[in-house]
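Please find the structures below.
Paired with subunit B in one complex and with subunit C in the other, subunit A is shared by the two complexes that follow.
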Partner chain A sequence: MHSTLVRTQNVFGFFTTVAFVVAALIAASDIVASRTPKASVVVKDVSVVMGRANYYAKKKEEFANIRFSMSADLSSLFTWNTKQVFVYVSASWPNSTSSEPSNEAVIWDTIITNPSADHLQNIGPAAMKKLKRSAKGKPIDPSRGKIELKNQKPKYQVSVPSGKIAHTNDVVLEVHYNVQPWVGVLTWTPQIEFLGWKKMKGGVSKVFSLPAVKVKKDSTKKN
Partner chain B sequence: MADEMLEKVRDLAEGQIDFEGQRFAEFLATALLTIVGALSFIVGFTKQDIKLALMYGLGGTALTMALIVPPWPFFNRHPVKWLPVGGIKKQSQGISVDGQIVG
Partner chain C sequence: MLSALGNPRQAAAQILNFGLILSTAFMMWKGLSVIADSPSPIVVVLSGSMEPAFQRGDLLFLWNRNFFEETKVGEIVVYNVKGKDIPIVHRLVRKFGLGPKAKLLTKGDNNPTDDTELYARGQDFIEREDIIGSVVAYIPFVGYVTILLSEHPWLKTVMLGIMGLVVVLQRE
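What follows is the complex of A and B.
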């Protein structure tokens, strides 16, 4: 500590240690906050149509369109250490050879930011202004964890490598989430309960089947 | 003249402090940074605001830097009292060269 340079190095060196310890404490504080998410998802309209994966695709495949309604309360996931929560709805169904659901496809997703991470959202300036204003002065906004979707159109259609998805049985929709903290590890919908972290309450739809391929009325008329 | 000024600038840049000052600076740096760390976590946790925690942490560290790094006068209050050169009072041996006493 005898000269300016040595003092600068010592203070900075100990600062890095303190910063690391505080970061570890912040990450550990997640465990204290209980997580009690709940959701319900209902399948609305299901259709299977023929289509091409892209404009130049030679093969026509079957695509499943699953409309759904969802009501979710993920507000307990929003703490001071939450950067954003990724919410996604998947459709899963078993293989013909096993009863375990071994096929899973995401049909809808969204990113919910905590106000501390609003500036990271990839949206236009007008929407950004609105988003920032919605949580002005609030460091966290758990009300953003409440999602209500009525007869929501899927973002992604489901297709399979074989190209045949019609008449698939035992399909269920499931709501999942992924919490992305400022400091710490990513956590997904837990499969086991751990201290205050509960499993998702509900969040699974009734079992349903995909219908036969929809026949286009227009094309039959023209032919 | 130029040498003297250079010496002053060098002294100021080097910022040497005395031994007691070094002990005090070490203690102060450790204590302040620990307090800043604890405070930033507590404030952030109670206010549930991670940006506030970051601001407290960085701000507190900057203040600590400002307090520890420059050679403030309170780090130089116990200057080392050196013994006189040779340690004993000089006595003339009465050696004279060209009429001048040299040792």
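What follows is the complex of A and C.
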């Protein structure tokens, strides 16, 4: 009845129960913190160039290079249960056959860690030191949710399976986010409002078109 | 302590009990699998390619149904490459077209380039059917024990031995 084995089992069982209950409470507490993100994104310079997807690629294809400016305030997403916020800007456009956007490609993204998760970032020692110093003594730093980008170069140049992307019409840029919790449910930019979780205010650019291929001799670089 | 071995009736009951525990676990797993429509509704992260979001050993819950909308860009999906049986957890970064034949491209947050290199020869994109689920919930670290077990196979034997011994030896 009261052997060492039974006692160990009881202690371990109690430990797991408590751990899971606490984790569940933390996960559920997400809903208490309201989320009121807002963003604005403006297309700056758009060009289409010929290039190869990589060094070994046999055929050349068209790559769209979309520069943009963005101003975002995602500070309300940073709470006690936020591990990181993944922010991404995507370009989307419809097919020639349908009117709803059926193509989407990420052109820029960034990972913003909450200070409690800084040590997990995959960056060099100097950048890590700077990052840690930027939020010294603060386990939560909502100010990191404020992003200002001026005439930002895209991280990813867009190409399509057909290889032809010039003259694409009705393209829009949109700002999205994905909140990664320490424990619990992952959340994305909501499509419906739910209690204190509001939709993204703004965050969609004006509709634009991609121009013709830029004629230039030296245009083989990509990333 | 070894008296249970002397009593065949009790020994049989305890073996049955052990079987019951195993089959309950199996039923819960398969039940979850049916609800989420995924062959593997819970996966353990095996690589660091999604850091800092997911570390090795973290537990992910998957959902593989499209009730309201299609699987879209930005979602973190688990997919199998054709011809390889290793599930990969990465984020969708491109989608061309709609429906089950849409061309999807993935990339790990921690990787500098997209997954074209990881795909099978001649495969430039994955399709919806290659995906076994989208990540919806997360528990850190709990799955690390499975990584230990697969990296040190002798631990499996030891653990099974201990479990069997405990069941046989405990009274009640």
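By definition in this document, the second predicted complex is superposed on the first by the 208 of 223 C-alpha atoms of A that agree within 3 Å, B and C clash if a C-alpha of one lies under 4 Å from a C-alpha of the other, contacts with A are read in each partner's own complex, and residues count from 1 in each chain.
One rule holds for everything that comes next: a contact is a pair of C-beta atoms (placed from the backbone, for glycine too) under 8 Å apart; a residue touches a chain by one contact, two chains touch by 3 or more.
What you are looking at is a predicted structure, and each value in this text was computed from that prediction instead of being measured.
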Is A:A53 in contact with subunit B, with subunit C, with both, or with neither (first, second, both, neither)? second
Spot which of subunit B and subunit C makes contact with more residues of subunit A, would you? C
Report for A:S102: first if it touches subunit B alone, second if subunit C alone, otherwise both or neither. second
Which partner chains sit in contact with A:Y88 here, subunit B, subunit C, both or neither? Use first/second/both/neither. second
After lining up the shared chain so the two structures overlap, which partner does A:W182 touch, if you call subunit B first and subunit C second: first, second, both or neither? both
I'd like to know which partner A:F14 touches here: subunit B for first, subunit C for second, both or neither. first
Quick one: is A:A28 in contact with subunit B, with subunit C, with both, or with neither? Answer first, second, both or neither. neither
Which superposed partner A:T79 touches (first subunit B, second subunit C, both, neither): first
Touch test for A:I140: subunit B only (first), subunit C only (second), both, or neither? first
In the superposed arrangement, which partner chain does A:A127 touch: subunit B (first), subunit C (second), both, or neither? neither
On subunit A, which stretch or stretches are contacted by subunit B in one complex as well as by subunit C in the other? 5, 182
Can you check the complex and tell me which residues of subunit B touch subunit A? 13-17, 21-23, 25-26, 29-30, 33-34, 36-37, 40-41, 44-45, 47-53, 57, 61, 64-65, 68-71
In their complex, what parts of subunit A are in touch with subunit C? 5-6, 23, 27, 53-54, 83-84, 86, 88, 90, 95, 98, 100, 102-106, 109, 111, 113, 117, 120-122, 156, 158, 160-161, 176, 178, 180-186, 188, 191, 223
Which residues, counting only subunit C, touch subunit A once they are in their complex? 48, 51-53, 55, 69, 72-76, 91, 93-98, 102-103, 109-110, 113, 116, 124-125, 135-140, 166, 170
Could you list, by residue number, the parts of subunit A that touch subunit B in their complex? 1-5, 7-8, 10-12, 14-15, 18-19, 21-22, 25-26, 29, 79-81, 116, 139-140, 182
